[in-house]
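These notes concern the structure reproduced below.
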Amino acid sequence: MAMVCLSDFEAYAKKYLPKIAWDYFAAGADDCTTRDENILAYKRIRFRPRMLRDVSVMDIRTKILGSEISFPVGIAPTGFHQLAWPDGEKSTARAARAMNTCYIASTYSTCTLEEMAAAAPGGLRWFQLYIHRNRAASRRLVCRAEASGFQGLVLTADLPYTGKRRDDVRNGFRLPPHMKVKNLEGAFEVCKMSPLDPSVTWNDIYWLRSLTRLPIIIKGILTREDAELAVKHGVQGIIVSNHGGRQLDEGPATIDALVEVVEAVRGRVEVYVDGGIRKGSDVLKALALGAKCVFIGRPALWGLAYKGEEGLQDVLRILQDEFRLSMALAGCASVSEIGQHLVQSSKL
Amino acid sequence: MAMVCLSDFEAYAKKYLPKIAWDYFAAGADDCTTRDENILAYKRIRFRPRMLRDVSVMDIRTKILGSEISFPVGIAPTGFHQLAWPDGEKSTARAARAMNTCYIASTYSTCTLEEMAAAAPGGLRWFQLYIHRNRAASRRLVCRAEASGFQGLVLTADLPYTGKRRDDVRNGFRLPPHMKVKNLEGAFEVCKMSPLDPSVTWNDIYWLRSLTRLPIIIKGILTREDAELAVKHGVQGIIVSNHGGRQLDEGPATIDALVEVVEAVRGRVEVYVDGGIRKGSDVLKALALGAKCVFIGRPALWGLAYKGEEGLQDVLRILQDEFRLSMALAGCASVSEIGQHLVQSSKL
Amino acid sequence: MAMVCLSDFEAYAKKYLPKIAWDYFAAGADDCTTRDENILAYKRIRFRPRMLRDVSVMDIRTKILGSEISFPVGIAPTGFHQLAWPDGEKSTARAARAMNTCYIASTYSTCTLEEMAAAAPGGLRWFQLYIHRNRAASRRLVCRAEASGFQGLVLTADLPYTGKRRDDVRNGFRLPPHMKVKNLEGAFEVCKMSPLDPSVTWNDIYWLRSLTRLPIIIKGILTREDAELAVKHGVQGIIVSNHGGRQLDEGPATIDALVEVVEAVRGRVEVYVDGGIRKGSDVLKALALGAKCVFIGRPALWGLAYKGEEGLQDVLRILQDEFRLSMALAGCASVSEIGQHLVQSSKL
Amino acid sequence: MAMVCLSDFEAYAKKYLPKIAWDYFAAGADDCTTRDENILAYKRIRFRPRMLRDVSVMDIRTKILGSEISFPVGIAPTGFHQLAWPDGEKSTARAARAMNTCYIASTYSTCTLEEMAAAAPGGLRWFQLYIHRNRAASRRLVCRAEASGFQGLVLTADLPYTGKRRDDVRNGFRLPPHMKVKNLEGAFEVCKMSPLDPSVTWNDIYWLRSLTRLPIIIKGILTREDAELAVKHGVQGIIVSNHGGRQLDEGPATIDALVEVVEAVRGRVEVYVDGGIRKGSDVLKALALGAKCVFIGRPALWGLAYKGEEGLQDVLRILQDEFRLSMALAGCASVSEIGQHLVQSSKL
């Protein structure tokens, strides 16, 4: 079977992953409306392509927080990569480095962040964290991330409690015994009461700020009000995200929320988006609407499930080729030429 | 089979209830457009969730007409509960009391209101009534309700005649011989000409007022004009309802009508809504749009059909957990923090 | 099988009519978009029902051009009733008289207009005509209609040529040899070149006016411009119609066009509508949007196909009951209380 | 099987063509959204038909760049006609001449342009070209076209690179060995690196202008900005086109883009449209929205696949009959009477 587009990897993963793992990765909250809307919302946006521009030399590189990446697609934080491929997050780290892009490693990884760093030295990586009831545990994670060369901290803001994913409840989802949430080993028992602190507020960003010199990126913002608060509390970046539709169902699609957030931020910090990216032209739409970069979640897992590091590179390469082609067909030779004029949307 | 969400109870009831009973409970008028719209209209409303608010202590209690309930979901009046479970409305009354919420008992119950009161003493109950051609019969019901400790009277306004429910006509629906509309025994023969009085007008509320000191809640209002009349005629509450889509087909979905009614009422009386509630987040949407409380109809019957009192508690507990979770994920720690800012809707 | 709603008659007719006859009656032009839109457009209109009005005495009678009918539903002109029932238009005439409503007999009937008059003396009937190349033939029809007691002339304006109905082309539709377009026998050969005159213009209404004292109703108007011209040329009534979606595909649904026409006419002549009526509540919507009366086409044929005169009466009786019930549930006790306030529509 | 409408030819071609050829002709870029939108967008436009106009004498002729054609439908440039019929573009040329309309021959023909000219001397033909890296090759094509009597040059602007058509990638599409891109034989090897020049800009139109006295028509314009540039650079005509949805997916449907382009052009040059034409009434809509003429792509190939020259004539004749009929039913006796007043559209 030829792997031509990302759906091919999805079909492969659905066929070959254990049902419980597939269901976990695919899960959305409640009716999965937001999970699916993330994708559908892209389809409602139309390009306004321009013709007869010199697109013979294409430059698709960009920078995020000062670091150059080969194209504006990074890897979003998702948990438990060993469910998809034996080497887990080590493969993910290697693929991201090979493709010269950014990998946001999840707290809920099945490798330690030191193992990822060792697997792909020199790769651009950010570390995603939650704030735990046990603040000392969170502080240790921050220190370890900084010490291991991670270059950004991504604070997830949309998970005071875990969303209700019906299939996981039905399946009684839990990690197989031979896998561990290694970053947290010793800190507390993961499978009991949630270690995450639902009392976290904006002021905790100041606390986080006091722990590290790494830039702080906040993930999970969906409204202009929160975007304004994020800027005011001094974050360096915002990831517009609804956690892949896994938390509050029937919130906005991320590409729709992006417009509102970008407008509120007015260029003061970088804005990224995840959720629903399935084609290179989706990336182009997100950038046209103001994102500096997008991050892919499930498609990265499909790539891992297909062939580990190599499969994930395949996924990224396809997105890269599609993104370059859609840019050219829309009349843009470099990322700096992408702008809102390229799209029309019922939201604009 | 795990009972994870309300649809699981629906599937159970459809499978195990006699077809004629399932059809009766499921029936909508004519093409069932409004019945289905009640549900679809919720799906068109999007949340605007807020992040990083302290949601460690959740308070989901509310008050209706001064009485505290454990969360803003009560049980709407529906008829013939013995069709779902042998103990009928006695089970319903017990489940409502166990969950500390309000049960609106229907005139068309298969237990008397005294039996319900005896089954669950101290529970918060309102009594639903129609105004009959035989006014003496209506007056007797009002007195019995007041004497039995019911704390509110719910006047149904949308049934001068019964809607055309095609399946009931095809099935020749009628109660099995061993069940009775017990509240009306002796008053008149139910199966002949409708005992309901289609000449009722707003002035009859004054007559009802003269019979009782109980608060009067009017059920079936769908327009701003009628909401204004309801307030003017001195009711204490309004239930925005289209009778579960069983009366006039192709009227508005109740969640859409709620916006108009709330706007007209301007806080002068409490406004509630029923129809289409299937998830905890639907409750959150209704409250965000101004409802003080919602009432569930068919889901309560599915719970009864599953396991009687216990099954109905399961349904309520799931709604409660989902409501609490969706509140937290939207950034609200107590019901008082819920407001219109939480939703965006094409109707707003 | 119980005949509960009009769809039951449709299903019956589809099952028992010869395919070529069913296809002919069901046919729409081209992709059948307008035929289907006629129905769908009704579903997009929502009622705003009013409560607690005295609807104990219902009066559903109305008048069209001064003649009282039992309820505002007449029978639209359709051809070849013998394809549905052996007695053809004689049965139709008898059913219309029995139900005390108006029957518009088609030029393309399989009985003569004299036979219809004889079959149901005293019934309210209008005669539908085209203007033929052979004006003498048209004049003779007008005289015969007037002489036979028909009380209105309905000029069809939307058929300069016959629409392209793909199934009729595929089936090679033509009348079986034992049926005849009896009204035209002797006038010209029907199966050759179309006898209809595509050069007809508004001025021909003056010619028609000169032939008869009967009121002239023009059928097939869909725009405000043509409505204005119709009034200006002195017609007594307008039927908003797209010929059941059988002529120009992808014109407007008739209920949508009605709004525009009613607005243009400003009460100077009566406005009727046909196309897409399938339930009593559709009639209520049409009246709320300004129609004086509606006419049914295909449903009348389904009734004939079911049981001739008796089946058509069944159809009319169901519509009558449904119309009365929907009026009551919307809070109207008589036709004069129906108004635009009863509906909300994206068109308004 | 009767060939009644264009879908019949589509069904035939899908059934009888080799899968690889069918897939190539049917292909759209990526998810095929734009390919399908081209058709769906027509269905969203509604006519406002006018009645009682004299349509006894119909004149459907029009002129494009001064040349009269029998009706406003020409043949869009598509490649590799031998995949559909052994005689390839020679048959196409003959059919176009027989129907007295315009044929735009593709650079990627499987016959030379001289062969086409010889096959149908005197026919109205335009030649479609790309600008090649090898400018001499392009210049030679221009000269040959002019010398062979082609009367217009159509510069395709939307293919700096070829769109991603998944099925072609999966099928490994390439021409069978016995077919050749004959126009380019000797110029360069087609199957290697794309010979097309992605550095082409608007200034190259001046270069093209310097090579020939033929009118230049630019194909692939979708925005008002590019329409303005086209006029400014002196083209004689614009074809609003998205390459049948085969280049950038999720750009606008052509009939939607037409409105914007026509508005920008303000009559300074002729505007045409291709993509999604499937019925005569689609032609009428395009003309009502300002197109001077439409061009059909895939339907022409289906006609060829059915019966070569004869099959294509069948397709054109059906479109012609449908167009004439829809004009008459909308109340227009000649093309000059067609205008924006005939349609209503959410875009207007």
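First chain written, first letter: the chains are A, B, C and D, and each begins at residue 1.
Here is the rule we use: a residue touches a chain if its C-beta (ideal position, glycine included) is under 8 Å from a C-beta of that chain, and two chains touch if they have at least 3 such contacts.
If you want to know which protein each chain is, UniProt gives these names: A, B, C, D = (S)-2-hydroxy-acid oxidase.
Quantities reported herein were computed from a predicted structural model and do not represent experimental measurements.
Enquirer: Give me the chains shared as neighbours by subunit B ((S)-2-hydroxy-acid oxidase) and subunit C ((S)-2-hydroxy-acid oxidase).
Expert: Chains in contact with subunit B ((S)-2-hydroxy-acid oxidase) as well as subunit C ((S)-2-hydroxy-acid oxidase): not a single one.
Enquirer: With chain centres set to the mean of the C-alpha atoms, which chain is at the far end from subunit A ((S)-2-hydroxy-acid oxidase)?
Expert: The chain lying farthest from subunit A ((S)-2-hydroxy-acid oxidase) is C.
Enquirer: Note the rotational component of the Cα superposition from subunit C ((S)-2-hydroxy-acid oxidase) to subunit D ((S)-2-hydroxy-acid oxidase), reported as an angle of 0 to 180 degrees in steps of 5.
Expert: 90
Enquirer: Shared interface numbers for subunit A ((S)-2-hydroxy-acid oxidase) and subunit D ((S)-2-hydroxy-acid oxidase) above half of all numbers used, same, or below, different?
Expert: Comparing the two copies, subunit A ((S)-2-hydroxy-acid oxidase) and subunit D ((S)-2-hydroxy-acid oxidase) contact each other through largely different residue numbers, since under half are shared.
Enquirer: How many Å are there between the centre of subunit A ((S)-2-hydroxy-acid oxidase) and the centre of subunit B ((S)-2-hydroxy-acid oxidase), using C-alpha atoms for each centre?
Expert: It comes to 43 Å between the two C-alpha centres.
Enquirer: Approximately how many whole Å separate the CA-defined centres of subunit B ((S)-2-hydroxy-acid oxidase) and subunit D ((S)-2-hydroxy-acid oxidase)?
Expert: Centres of subunit B ((S)-2-hydroxy-acid oxidase) and subunit D ((S)-2-hydroxy-acid oxidase) (C-alpha means) sit 60 Å apart.
Enquirer: Where does subunit A ((S)-2-hydroxy-acid oxidase) touch two or more other chains at once, residue-wise?
Expert: none
Enquirer: Have a look at which chains touch which and call the overall pattern line, ring, star, complete or other.
Expert: The chain contacts form a single closed ring, each chain touching exactly two others.
Enquirer: Residues of subunit A ((S)-2-hydroxy-acid oxidase) touching subunit B ((S)-2-hydroxy-acid oxidase) in their complex?
Expert: Those residues of subunit A ((S)-2-hydroxy-acid oxidase) that touch subunit B ((S)-2-hydroxy-acid oxidase) are 30-31, 33, 157-158, 160-161, 163-164, 166, 169-170, 197-202, 204-205, 220-223, 225-226, 229, 247-252.
Enquirer: For subunit D ((S)-2-hydroxy-acid oxidase), which residues are in contact with subunit C ((S)-2-hydroxy-acid oxidase) within the complex?
Expert: Those residues of subunit D ((S)-2-hydroxy-acid oxidase) that touch subunit C ((S)-2-hydroxy-acid oxidase) are 2, 4-5, 43, 45-56, 279, 281, 285, 321-322, 325-326, 328-330, 344.
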